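Some notes on the structure that comes next.
The chains carry the letters A, B, C and D, assigned in the order they are written, with residues numbered from 1 in each.
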Amino acid sequence: MAKSRFEYVRTYEQDAILLPNTYIVIRLDGRGFHRFSTHYNFRKPNDKRALCLMNAAAKQVMRHIPDVAGAYGQSDEYSFVLSRECTMFDRREAKLVSTFASTFTAQYQFLWPEYFPDTPLDGNMLPSFDGRAVLYPSLREVRDYFSWRQADCHINNLYNTSFWTLVLTGGSSEHDAEQALMGTNSGEKNELLFSRFGINYNNEEIMYRKGTMLIRDVGAGGSASASETTESKDVGEKSKRQVEREKNKRRKAEIVELHVDVIGDEFWTDAGRWIS
Amino acid sequence: MAKSRFEYVRTYEQDAILLPNTYIVIRLDGRGFHRFSTHYNFRKPNDKRALCLMNAAAKQVMRHIPDVAGAYGQSDEYSFVLSRECTMFDRREAKLVSTFASTFTAQYQFLWPEYFPDTPLDGNMLPSFDGRAVLYPSLREVRDYFSWRQADCHINNLYNTSFWTLVLTGGSSEHDAEQALMGTNSGEKNELLFSRFGINYNNEEIMYRKGTMLIRDVGAGGSASASETTESKDVGEKSKRQVEREKNKRRKAEIVELHVDVIGDEFWTDAGRWIS
Amino acid sequence: MAKSRFEYVRTYEQDAILLPNTYIVIRLDGRGFHRFSTHYNFRKPNDKRALCLMNAAAKQVMRHIPDVAGAYGQSDEYSFVLSRECTMFDRREAKLVSTFASTFTAQYQFLWPEYFPDTPLDGNMLPSFDGRAVLYPSLREVRDYFSWRQADCHINNLYNTSFWTLVLTGGSSEHDAEQALMGTNSGEKNELLFSRFGINYNNEEIMYRKGTMLIRDVGAGGSASASETTESKDVGEKSKRQVEREKNKRRKAEIVELHVDVIGDEFWTDAGRWIS
Amino acid sequence: MAKSRFEYVRTYEQDAILLPNTYIVIRLDGRGFHRFSTHYNFRKPNDKRALCLMNAAAKQVMRHIPDVAGAYGQSDEYSFVLSRECTMFDRREAKLVSTFASTFTAQYQFLWPEYFPDTPLDGNMLPSFDGRAVLYPSLREVRDYFSWRQADCHINNLYNTSFWTLVLTGGSSEHDAEQALMGTNSGEKNELLFSRFGINYNNEEIMYRKGTMLIRDVGAGGSASASETTESKDVGEKSKRQVEREKNKRRKAEIVELHVDVIGDEFWTDAGRWIS
């Protein structure tokens, strides 16, 4: 039973460490959610219960993992951004990504009955999520990351809204709806919705159009730590006590749910209050 | 809404690809399971319900992911070994690790009421698991990996059995039990159990002493693919159809639960029937 | 001068470790050798001096780095294969790759006057080589790697021989030669060389057609360590003394230069004597 | 000769890509330079010829690789910092590190006779350098990196100056000198040099005490690109033409050799003119 004779296998473990002082974005994606949403009869083009469940699960993740500064979700995906000082798991990539995937899954499943009270989960069709981590050296890129996801939300939602309106209201077959939309730009889809169905896309529910941003609001005076500029001075200098104090602040901070434009400047003018 | 303006952030994504033609071992570990097991009053030193739940969840993972050849579990950990030809997710590390963590979590939680019918889960104390992937170039190392985990199981279980017998049967305080065991070797622990409590450790339940090995038994004639030697000839040559055929065979194969010694030669003499 | 205040920058260093028990192939490529060969008037399609210089430099690398089992060179590239037990620099990728590039460069430049006695090097056009490391878990892949490089050598050399014969002997312009060869297969190029210029390609110098294989011949009885099969048993078990003994054997072994087919089986039947 | 049959081995190549928008520092270290310097009778504690040769080689590297913004050298090491926009070799780590090691080696060897006219190189003792790449997300860390190396230079040079003064001037054995210095701090070493040998350490040649900083001075109005702050806005937005223009500016810029303090603020107040 000499354990030591076998322990050499540990030398094959290679922990990828995420570069210090960079923002970590962890994006989770529903696995096979096309089949999943069909199985549980999600409403088209958007199922409010499903989106709210995603948001609720993400909030729970933020409550349990104080290193998360903010998160953005749309459709079956959620992205969590960790502050650049984050040292959770010594920034080991596999542990971080797997923990987020596992924790989110657990919360999603636990909260399911609250959002789908009449639809029990089926053991052969449980929700699961895969994940990945991406590093961004500056706040500018984090901002552009969220803009990228929100632009993606817009494009997909406008398409899906047009498609399902054609099918469900217009009576088109799915194939005909696809043909009708092929090659159309945003303006043409807006026009189609309005002229044929009297739908002003901009009046559609804002959560569908903009997705959901969750921030941990540490308050006006507070600031998650400091401004971009100041903070870069702090590298390697911030005391452990200070880090601990900020962590506590984040832990206690209210998690705010927003459905706003994150592409323009406004949302980011006061970003220092939630991300550092 | 020019999505393209932001898409440069994708260039920051770096997919770690696991080296082809190596065995992939994915090990999941319960997060904070000390607290978790206390919260749900797990029996000491082993809670059969909890171990059987781990095994049941692992079996479900194997059912849903045919690339898994076998798995070994003990305590709050489970290791899954994927065949060296595995191309799931193009062998992207983050996707693999997060998917295993997420799928296992979902199954563990779903099956919980079956094993703990009187103990509903608490939303603030949900089970979660982190994961990691390790690569092994040869079957010898995979074998030594499982031996390492089983030796670990033995060492921990002998200690825990002695400790909890001292506490629960012998009436020691936890502190005194710890002191009594400090520095003792295996023989001394065996002796203590026998002389003071009449317990022959070797008669303790074998699942506690050996852990659980799950293999996908593709049958005698079958073989998971081929012997180590033959297979190395096949690199890059095995046809897609052949790969698909083997995958189907694995999918249909019965998953067998074993509580056996995996350190000695016997278990491995016919390894070709479940791992390739 | 508090050094410690700045030492945190070391935590940003991330050493990629090459997976243990895999063969390491390090391939060096001449940087900008098209320009380089023009600058120094290399003969076309092959400059024997330049190829022999590559071989001589590679031999010196093997003399200085006993971990190299063998090497294959053609054109301006050289690939070195390290035994799977290699622990040089603890298998740190950057140190390995840079050391091979640096050592090869130094030798190439030092030996230059021996092969180009009338052509002094110009400080603004010095030879340099970039490198990369690739891992192969089994000998089969190493063999296929060398086959890949030799097939590449064949394809390029047949093309270049045809091209330069058309230009230098046939008086074609480079443009016309390119046009003439476009889309031709091997048989057609052989035919063109033979019918128009009376050249039997198979009589061309074998070093041009096959490239150069360097092996460290540890002798018949010897074997670089053991056969593929046996060796895999040895993982983690080979004693330090044994490793040292084999290293010494390799250090003293003669380096043999071969111009042979490495694609067929013959070259590999006795591979155990130089690679392990 | 079916090349394609073997090409699968390419799928084992894994290019590590250095995270975009981070500074890349490539540090080269002389391999076995203790033996090397003894072999060629380098003067102790500093051989001016050897240090100037290092500087000359580094300057040539900067001339040939315009992506280098600056470099710092001391003893047998040289660190090159690449601007954060650098896209050389698509930021592939192995190619970058090996190219720097190879180019530096070639230049060092080529320039050798200029600095050691009476000491021809010996083919069995050629200079070689290994390398590594480190990423820094902000200018603050780059600054701290150079401070770290300069503090290291100071500590080593003060020690070496004291040691060799004791040996060469004081007539101590090497063993006694080592003993005498064991546990002494900077002040005590300064005092020893002054009281016993009348040497004011601060009057020692500044290149020995501070090392050598090489910057590519693009001129006052110029700026390597822009200030830290501005530039972070430019991520993903800088036009190709602009990048090309800056590259040309760098290519033409004079390379300035400095022996100054890089730990204090002064050197960095106008850093924008050489690093971006």
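Heads up, the rule we're going with is that a contact is a pair of C-beta atoms (placed from the backbone, for glycine too) under 8 Å apart; a residue touches a chain by one contact, two chains touch by 3 or more.
Since this is a predicted model, take the numbers as computed values, not measurements.
Asks: When you check each chain against chain B and chain C, which touch both of them?
Replies: Touches both chain B and chain C: A, D.
Asks: If you average the Cα atoms per chain, which one ends up farthest from chain C?
Replies: If we average the C-alpha coordinates per chain, A ends up farthest from chain C.
Asks: Per the definition at the top, count C-beta pairs in contact and tell me whether A-C or A-B has more.
Replies: Between A-C and A-B, the larger count of C-beta pairs in contact belongs to A-B.
Asks: With a Cα-based fit, what is the angle in degrees between chain C and its identical partner chain D, given to the nearest 5?
Replies: An angle of 180 degrees brings one copy onto the other.
Asks: Please tell me the distance, in whole Å, between the geometric centres of chain C and chain D computed from their C-alpha atoms.
Replies: Those two chain centres are 30 Å apart.
Asks: Report, in whole Å, the distance between the mean C-alpha point of chain A and the mean C-alpha point of chain C.
Replies: Each chain reduced to its C-alpha mean, chain A and chain C end up 48 Å apart.
Asks: Give, as an integer number of Å, the spacing between the C-alpha centres of chain B and chain A.
Replies: One centre to the other, that is 30 Å.
Asks: I need the residues of chain D touching at least two other chains; which ones are they?
Replies: 5-6, 8-9, 12, 14, 19-21, 135, 141, 144, 235-236
Asks: Mind pulling up the chain D residues that touch chain B in the complex?
Replies: Residue positions touching the partner: 5-6, 8-9, 11-12, 14, 17, 19-21, 235-236.
Asks: Over in the complex, which chain C residues touch chain D? Could you list them?
Replies: So the residues of chain C touching chain D come out as 1-3, 5-10, 12-16, 28, 31, 60, 89, 93-95, 97-107, 109-111, 121, 123, 126-136, 141, 144-145, 147-148, 151-152, 154-155, 186, 263.
Asks: Would you mind writing out the residues of chain A in touch with chain D in their complex?
Replies: Of all residues in chain A, those touching chain D are 19-22, 84, 135, 137-141, 144, 228-229, 232-233, 235-236.
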